[in-house]
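Two complexes follow with chain A in common, the first pairing it with chain B and the second with chain C.
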Partner chain A sequence: MERSSSKAGNGQASKISASPDDDQGIFRRAKRSIDDLITQARRFRLKTKQQELLIRVSALLLIYVLAFATRLFSVLRYESVIHEFDPYFNYRTTLYLTQKGFYEFWNWFDYESWYPLGRIIGGTLYPGLMVTAALLYWTLRLLSFAVHIRDVCVLTAPFFASNTAMVGYFFGKELKDPGTGLVAAAFLAICPGYISRSVAGSYDNEGVAIFALLLTFYLFVKAVNTGSLAWAVASAFAYFYMVSAWGGYIFIINLLPIYVLVLLVTGRYSLRLYVAYNTLYVLGMLLAMQIRFVGFQHVQSGEHMAAMGVFFLMQVFYLVNWVKSMVEPKLFQAFLKIAVIVTGGAGALALGVGMATGYISPWTGRFYSLLDPTYAKDHIPIIASVSEHQPTAWSSFMFDYHLLLFLFPAGLFFCFRRPTDATIFIMIYGLTSLYFAGVMVRLILVATPAVCLIGAIAVSSTLKNVCGLLREKPVGKVPERQGKDKSKGGSDQSIPFQREACIVVLAGALYLLTSYALHCTWVTSEAYSSPSIVLAARQSNGDRVIFDDFREAYFWLQHNTPPDAKVMSWWDYGYQITAMGNRTVIVDNNTWNNTHIATVGRAMSSYEDEAYEIMRSLDVDYVLVVFGGVTGYSSDDINKFLWMVRIGGGVFPVIKESDYLNNGEYRIDAAAAPKMLECLMYKLCYYRFGEVSTEYGKPPGWDRARGTVIGKKDFELEYLDEAFTTSNWIVRIYKLKPPANRK
Partner chain B sequence: AMDPVEHAVRLIYKGLRPPRMRLRSLVPELPSPMTAFFLVLASYFLVVSGIIYDVIVEPPGIGSRQDPVTGAIRPVVFLPGRVNGQYIIEGLSSGFMFVLGGMGIVALDLATHKGWSKNVRMSFGLGGIAAVVIAYAMSVLFIRIKIPAYLH
Partner chain C sequence: MRLRICCPAILSFSSKTQIFALGLPRTLAMDDARALVTSLRSAYTATPTKLKLIDLYVAYAVITAIVQTLFMAVVGSFPFNAFLSGVLSCVGTAVLAVCLRMQVNKANKEFKDLPPERAFADFVLCNLVLHLVIMNFLG
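So, the complex of A and B:
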């Protein structure tokens, strides 16, 4: 039980013996009462161990609050609103779960998206996030806090980010010592690489999945270190949570076999590793099959075969080792030869039969493009078009990691110098995840915990050594060397000005860590806290101007169109239209049907009459486009047009990309290709735009996002009517005219 | 009855003799930890310099723009405007700075090693401090050039 040393005890001042009433007596009495108070207070002074515990617990509490608080910028600036595109789908499903219950949720068939195909939501999502938020909501409701489900969803990610920092502390403690754990937790709490996907409002799978990932890894390393079955079972359940939360669980199920292989090769195998891996694999695989979306992939999919292969290899390995301990060497050599041949043959045969019959499916495009980064660019334009899937440049690394980029190689050095099972794991995790982060920007998130932990090892080790040097008592006299010992290079081994140099190094470390904190806060505030459903810009006089056009358009849709209206737009906006506009869409962000998306792409890039035929066949009532020409918003549909052409042209050869290019470039000014000026997307975006003056001193029809005047200003739409344009022209909605014989 | 190919092979091998060689076992021995560390460091340098970006997007080694006044072509080292874009040379130089900083910290820690002589420790210490200072200052300078609004 701790007692704070700062409070005085139940102040019982001892009686002061009577002394003469003069000034000296008063002073003496005062001094004695102070001395008595100090003696009382000393009784409550903590021992060093308790002091250390107090410091650690208060540091962890502060880190917990910090991790939560730094993610609240957008809630404080705008409001508690869900950001981006994917979170709107997650919000809609969580809402459905809390309103209708589990049975309806698992059996939900959604006819409001992917018209006319529909989508089996119950079997095609990862339920971990929704169930977590729903459980939090029900718990809070049980404690009679009347919260709205939207607020719970918005704040789920920061809550789990704080929990991740705590798991980071325990992991660091496991790797080295509690000091490393504290530094790791502090790094994790504010690292921008993690904040980017777990800010308040970013209600996406990664917010919960990174917590599950780090928890699984921590529990597994603990199981390997202790060899206890309990920790291994716990890690299997953590793996189950990870599988339910995110498709990135493939990383875990492939990293663990690599780790096991490395340990076997370097001769660090032991019974602890056997217990840990086998329990996690078998129990985790059985639990993972409970998620409908995953199903039997653990035995059927090529991406999971590495784990199974290593599982069997491990059995053979340990069997061979056991036989080796029982039998004399010559017989063992023969046994080894036979065992290797039989195992190799059986494994190759099984793999060959599995792949030939098609039972084991090959690697899917999304994960294959991680091994061969050029694959997506040539073969799968949908994957190549997502901006998060672009490879990473050095500035993204610096932006998201800052100081950790310097600490990572230093931490690796410390790990290599004194490898243990746990540090080998964190090194493999760090190196593989950093390579994948180099292939895709979005995977910087997965590498963040490893980079933070290895950086913490570097900081903690260096600071410990420097502080140890600072603390050592200066040697007064050089002790006489007796005997024939010759010391190398001077008898005094300590450096001159050692204490001063240590203080300089410590001050430098303080400066670097402070600048890391400043950088992280600046990045969070400026780059990662925009809700992207609400756009903000700075005017010339410094005022902030807010564009709320998206919500304006979606609410217009909700209030001014018939409830069974179908809206065609590019797939980016599908989730938002369904969640906020409450209307049926043709394609949305799930992108599970490439042909359907290609049909929409073809419609957008065809002439108006051809597009009208396609849209009538899809039963479309309204078309929605996003246009940034008036505001300068650069993520609009004209800038995404090249992907519509490529994806549409990938399925329908009638769309040829060369028709839209002028000299290899997409242009919309007077030098544009003729088909570009006539296609549906151009017409819908620039209808009536030729009369609008967007910037002082520029002619009417000046497109601020492209920086030119548009090529064709004066034209009429034959098959569509303009239904609604938002106040800043960002979202434009058009209604299809009925066919000529139906008017 | 012998198959003609087998006949031919037997004839050939009547004259041939296998050479006397001492073949070692094919199992490679593991590299020492420090060798592995340097390999890993080299791969870290390449990844952090954005080599995968270079291979896929194929940017030029260095950019260029035309001077509006003189009309001459001036080189542009840092790709302006986006955070996730680079030229090859700017990537490599930034990667070098990161590795330099990391090695500086390693040198600093080695300077605290008790067993070595005074001069070695001092040079490690001073070299480490210099490396970290240079690397950090250059990295911040690079990011300031690339993102003009940095820390404002």
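So, the complex of A and C:
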């Protein structure tokens, strides 16, 4: 309409059409500005590569935060406190390091433990964890964050768990592609097998060592893939960090030779392998010998000889290859014969002479029991008594791995299909570590990164194939192919309902991965987040009641005993008593002297007068026992007592295990063996317990942990006085009476 | 145990003595050994001078290690860390030189893309690390 009027008269139209032109003008201007905005926004629109990078980086950030956050349950529920027993020693040494400096720490002789022997701490610990925590503490202090060293120690393990997840990403990327890396990082971040030893508060060597382990393996695989000396040197430094952090470095120094041998045997040798392994071996060995605790073991111990043997084997191998490239085949055969005979002879001679003269020490009991699980039970009861060293049950595997247990064989299949040097490595790592995880519960931790990576390979490859199939454009009817009557499109190999099947597979994967995440969070919350120094229970009305008896007892010790008092207890509590009670102990968790521990075990299992003689000879002032009869706490000394008897009896034949059993049964009620009712441990635990009513409807003296009434109720202690019993009777402390006047 | 990386001279000496020890038919084995030695010698003279230089360095390092071990056998092994650091520095630098040789050798297809300057820089870096650790370890 406007157009016709403007066509009619131009002069007037220009004036009249100003107002309708305004409307249209506004409309046109608006449209133009929107177009401008869209073109500007299009300039910010990312290309596919950048989109992918953004998704990857944000996923990795979320994984980093998740790995840290999921380990904080116990800090949120209780407080920022160090858990368990071993971490208290690590905390005490870190405290010493931050207060006195590195020189004092490195040369520290501790006279407060293992009285009267003392302990050379500087030379008998793995300093990696303490130095790491101290460095973090000093860095934060430098940035003027006034943190306390205890908080730094509590949060070290979750921080390194996040870093491990990042290394898992890079390792997965090296193995296959970035997708595998992301899945591996996600699995590693929440896998309960790793969480169990790296929650906030679990300030133990493994928290840092698993990071070092995975880093060493990643850098080594990178060195093998690229053949670059720089990556090999980096892996040597990572190996040094591992050696400084944990005794489990033996696994690395034995796994790498096995890997090299497998590659040599399968014909996948390459010059890159030579560069990577030899650099790591020589530089890593030199760096490792700087740690005093490790010392010269790399050249003297039988456990490290495999690496040295493979080192020499590689030299011979490459010499032979080099000669092969220079002479003709016939002559080369002769040379090969000579080389094999000479090498075999010299190697066997060296090994034989070394072992016969005892220069090369045989495998120590700790690691021999991994190859022969029954060895420790018969020969070294201390190793057999630790609960973490028991063989693993199937339920533990399922509990700690869940979905990954089923993805592991699938991942192995994908690795076998297109083997590369890197996937062969992860397969060997996974299979050997799973074998050892089956022998000892504690080693589930070492197998976790391998299981996560192999599971990630399975998931990522499956999802990649499925998504690839999903994205294929259906090619409709294909008339020129005679004899093929396909109604659904796709390539020749497509199956009917392909798209639907892919969507079903994707939905199934989503369900399984979600259930994995839920399971892991539940396990972390329920099973692995308890600081065992603080116990919690639920009353009948649902209220939560906290037992803080351990710290109550240790602080009583600190405030009510003379500073040079000596405390005798079973070795489990040694570290905690020294760290929190600040008193000298007779034996502690280091368990380096079996005879000393056996002496304590003998004292606990003897009659009161014999025990008094032993305790006087050790200058003991106080005795500490842990008793769970009132609360039902089942990890108390009465339940551990048979191990005390076994260890004591291993050194002093006067203590026989059969004396404490009635018909082979271990009992503490009226039908108990007579020596059991008279021994020191029984008396110390059940003194005055006969007067206590623990449960409604049960007679006094009802032991809730064992579920019976105790055998002997009314007795007096002749040589000890009761000094302190905590509010829930969990920890009981007795003081030795001075010797009576001569009669 | 001695590292047998290079030097035809050492090789020929040992192959001759071994054959005597095994009691193989002497004429046949001697001919074989002689042919082996000559072909090795001729093939070796064809290698470029750069590589021969590196081989010489490796030989020097290995011989030094052997001399140190013999010395230790005579005077005893205390202090052990000094002995180890001496021997391992020789062995370490020999190994690193062999790695350098591999990376610089144009006949190796695997290291085709690696510029020789980068290989040498890596070699220097690794030797630096090695000798720093050795100096700490000497005591």
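Here is the rule we use: the second predicted complex is superposed on the first by the 692 of 743 C-alpha atoms of A that agree within 3 Å, B and C clash if a C-alpha of one lies under 4 Å from a C-alpha of the other, contacts with A are read in each partner's own complex, and residues count from 1 in each chain.
The definition used in the following text is that a residue touches a chain if its C-beta (ideal position, glycine included) is under 8 Å from a C-beta of that chain, and two chains touch if they have at least 3 such contacts.
Bear in mind that the values here come from a model prediction, so they are computed numbers and not experimental data.
Once both complexes are superposed on chain A, the partners chain B and chain C fit side by side without clashing. Touch criterion not met for A:Tyr607: it reaches neither chain B nor chain C.
Shared-chain residue A:Phe109: touches no atom of chain B or chain C. After overlaying the two complexes on the shared chain, residue contacts for A:Tyr359 are found with neither chain B nor chain C. When chain A is checked against chain B and against chain C, the one touching more of its residues turns out to be B.
When both complexes are overlaid on chain A, the residue A:Thr462 reaches chain B alone and has no touch with chain C. Contacts of A:Trp592 after superposition: neither chain B nor chain C is touched. Smallest inter-chain Cα distance, chain B versus chain C, after superposition on the shared chain: 20 Å. No residue of chain A contacts both chain B in one complex and chain C in the other. Every residue of chain A that touches chain C in the complex is listed here, in rising order: 227-230, 232-233, 236, 270-272, 274-275, 278-279, 282-283, 285-287, 289-290, 296, 299, 312, 315-316, 318-319, 323, 325-328, 331, 334-335, 338, 341-342, 346-347, 350. Listing the residues of chain C that touch chain A in their complex gives 1, 3-6, 14-15, 18-19, 22, 32-33, 35-36, 39-40, 43-44, 80-81, 84-85, 88, 91-92, 95-96, 98-99, 102-103, 107-108, 110-111, 114, 119, 122-123, 125-126, 129-130, 133-134, 136-137. For chain B in complex with chain A, the residues that touch the partner chain are 30, 33-34, 36-37, 40-41, 43-44, 47-53, 55-57, 79, 83-86, 90-91, 94-95, 98-99, 101-106, 108-109, 111-112, 114, 116-122, 125, 129, 132-133, 135-136, 139, 142-143, 146-147, 149-151. Residue ranges of chain A in contact with chain B, taken from their complex: 265-266, 373-374, 377, 390-399, 405-410, 412-414, 416-417, 419, 427, 431, 434-435, 438-439, 441, 458, 461-462, 465-466, 468-469, 488-490, 492-496, 501, 504-505, 508, 512, 518-519, 522, 526-527.
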